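Chain IDs A, B, C, D, E and F follow the sequence of writing; residue 1 opens each chain.
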């Protein structure tokens, strides 16, 4: 890894970002062909936030948040700062001072595969954070990493300028060039879901709504009556 | 495992279910002789729900929620749908559409040893869910499992028709034939606890209330005065 | 391990405890030179509590809470009861009855490297608890442990009379003799942070505020312009 | 859970046990329709053992091996002792003295969802053990459990008299009444595999051997030529 | 994710692969600037193998090994098959039949972020495998994935044609275009290490050999004499 | 934490160390009243080593092994180097060069709550290592820690000069001042065990040998005959 900061990285167009945010993670993930999700250990520090933005990436080392300070300067309004670590680590690399700085720059969220602290303040500031852990453990500023290089964060590849969608269901990475197609596919899906929801609420079975009875029978599913001695 | 759906499974009588719900998990678990609990990684998606119901079971495969759709048809008002997986998996097998369908059928809760998604919607719908994980990861509908066979869910054996009790403390399985005895034993325990709570609140020590001083001394417990150099 | 209860253990002076509570965990941890934190799996049962107190310690065995009952008697107003276990265990060793007893004695919090139950009641009582797990699993009272001996709890050494600081960021142990120095160092730190927060909120970069540009350049950090084919 | 020892439990016929041992875990598991496996954290203490036997079960509590001593008396030549714990625990509940006792009784293996110790001696004695952990942590003998009741061990239901098959791939539970059918199905599978192995060794592709090309194409799989800029 | 097989992917030149294998994982990783390592949960199924080769990649779904069969056809002598899964999974996706097929094609190793089975046979065949788990759990062939697309495997990005280096220390990914530079840097490092090893074996201290005394003193390290009451 | 190296720390007398090594971890742990064990995730890098020695301690930071180099100088023949980390970390902090240096100084083993690498070489050198992980991940030398201060390593408190006992069962810490008493108590235990082993090997039951029948009956254990419909 070279200790480098890449400047002038691209962004996803704001209107597109907004459409992805409106879809939410689960729908956009389905629209992507079920790929791009970070691992489910990434949880929101406070619930209820639902955001999208363009990724600025940072690669840091365990117990060392120096590169986060460097990355802040590369952030612009509408960005999501994505922090990956060179090895599993839960240290509290980010707190209310860094959040103040990011908020001042118009950054919409932090996604970090490590720990964060000052979480009561983060909730009060309404600054959205998805992290691997909550930890007060302090960090040093001693070793260089990189900013705006491709990183693997919580099992997902993130390139600078990719769209990040995050809500209570988790964090999704939408490659920049796929963003428009994903938004369109997701919106079609949503339109479709409203009708389904109404029919399910009215008592129609998914088995019928989705036409599953025939494929289930073909696959060999059989129905038998329960008897008192059936493993009871 | 045979790909089978067992129909006409038994239920626990509603009045009995209500009594178990009133006890709550911790008390009913003690009343069962401290058995029947699912592992503590099973957590409510939103806090505050406290329910009981009769189990409809489904056994599914990792990344595949086909059998949940099949299981919905077997559910009746007052049931709890219990989903076990053939191997550890956190995929998001259940979301707001399936919750809409279950609510339409009067199902009181979902207990699933896997992930769920659309958790903001689930909280808004007030549909209680206990799960191993929250994950937006989508699933396929490709492989048969089974419905209403005995399953091991989060370390506990569940047979169709067993009573499920769930609240913020976790999830308990009460075998159908033991439900009446457990309810009675739990109610006796509750009556007993109110008096204890009052005495403890008044400052009486558990050591005295429970008569522990003598058995402690017999077991060899001794008291010594702290000195400055005692490992300090 | 000898089955012993040490009585008459020391405390940290109340005024000092109050100052540590005001600092919070993250700041006090920094003021200690970044040491003394329990592992981040220790989480509050309900969020929003922020406390400090003098430690009364208990060492118990897995699945056995007998010594907690013994420890209650050693607690005084302003204490924090700290429970360590001789091996990893998540059983529900503590519930609303023990919390009632501790509250009656003026104890400010429980810190336990095991599970707790009755968590809805604990939240309603506003009794602060930090634990490794939430579990309804009941425990026995069969084996002696020790009270007010030095223990390792969630990776941190705790001696009776040490100060415990706990909030949504985690749990910190401040050795009794260091408490005054830590409070002073933390207060200096807070004064310093307010100014920083204002400057960061006004848009000043941490890179400038902390004078990082020169050391970063010296360490070899370089800036390059993004190009379309940079791994994209 | 009632503190009970069930005596006179059934066994699987020795000839049948031998046939299951010859199949091994992976083949017998497939022959059962891919069910009955314990979780993969169950590992052999020393590699190379491959056994089968009838289950004698014990349910113990964390940190307490009293019931293992009780279970020994219920063991007969050809048995496998299966120990489940009422909650997750890694304590060293079993060592060379208990292994000596089991070997003296002709028991073929121990399967325990907890820790074991004296592992160098166990390897030297060639006494096969599958466990969740290796730990020198000692246990008490204070609380009753049960012997020869149905238990959930490492995620699998085990009833006394079920067949246990264990080798370097893990541990399988074959319900007693299914043992003959599983042995027969497994043997058919083995015959079939020898031919497959020879054809694969000769260079024939599984795609052709298993006739997968048509279903893959039907499912929508396409082939494209790699180009230099394909994500590289 | 599109269900696609990319053919004609590039390889690293055999002579280069050989040089990387000779370096081993730890040295090559240092030569890469300490990047490219898979997570340490990836362990060899049998110890002592040390290999390198060009990556053929497969992306499969939990509990489904269909794409591994498809990937075999894309493998050539000298390749390493790298299998990533769309979500965490330990199922036994690979056994002796697939190993026979890979060996027949000259494949040097399997690296899989899931489970494998028939491990006694794999060791006997001397077919090297690095995996997340050992598990007899069988899989289905029902859902399409992709072959020779970039994947994230155990936290590391792998593109088809990257060099894979694996030994008892773990698994390293060397991007194809960096392979020559990494080999050269690693070889320089090895030459350097032999001299260091001799000096350390002769009793010279690393503090002197690496010239650390001055930077340590500058950073503030102090030496003090132990006294009996130093925390003892 | 102060960045300090404490020199001239005490040792346990060699004859005593030898007696502890002869006992082994499980026996010495019992002789200590079942305390002092490190967590069972500490495993030997190669099996078969059984050692004891006096502890030299180092406290390092995640991803940084600078203090290990400093600690080497404090080691003397017969010592065990114990490395604790300020937060959970699996990086490969130790390899064959450091092992060469320690062997040159007569150090008998390394115990490290982090990762190690070059494990094939470590096994060949017969240098005993117990660690949390095996990982090729390289580390920096940037941040000061401390040497020969009390540390918590894998859940156990270690002071410089304590005796460390380690074998295939795990790692035990014996406080320096308790070493003679532990050795004596362990030796008495061993003498006692030989007789027990012979009696158990001859078929005598532990129930009789340990006189458990009466306390079991008193505690309420009952025996019942198995019936075909007992949950089967």
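The criterion applied here is as follows: a residue touches a chain if its C-beta (ideal position, glycine included) is under 8 Å from a C-beta of that chain, and two chains touch if they have at least 3 such contacts.
Keep in mind it's a predicted model, so treat the numbers as computed, not measured.
Looking at chain C and chain E, the chains that touch each of them are A, B, D, F. Interface note: chain A and chain C, two copies of one sequence, contact each other through mostly non-matching residue numbers (shared numbers fall below half of all numbers used). Each chain gets one centre point, the mean of its Cα atoms, and the points for chain A and chain F are 41 Å apart. Taking each chain's centre as the average of its CA atoms, chain A and chain E sit 27 Å apart. Of all residues in chain E, those touching 2 or more other chains are 2, 34, 86, 88, 90, 135, 137, 150, listed in ascending order. Every pair of chains in contact is given here: A-B, A-C, A-E, A-F, B-C, B-D, B-E, C-D, C-F, D-E, D-F, E-F. In the complex of the two chains, the chain E residues touching chain A come out as 1-2, 32-35, 39, 86, 88, 150, 152, 155-157. Residues 61-64, 86-91, 135, 137, 140, 142-143 of chain C are the ones touching chain D in the complex. Of all residues in chain E, only 25-26, 29-30, 34, 37, 40, 43, 47-48, 50, 167-170, 172, 193, 196-197, 200-203, 205-207, 210, 212, 216, 219-226, 230-232 touch chain F in the complex they form.
Only residues 2-10, 66, 69-70, 72-73, 90, 92, 95-98, 100-101, 103-105, 115, 117-120, 133-138, 141, 144, 148-150, 159-161, 176 of chain E touch chain D when the two sit together in their complex.
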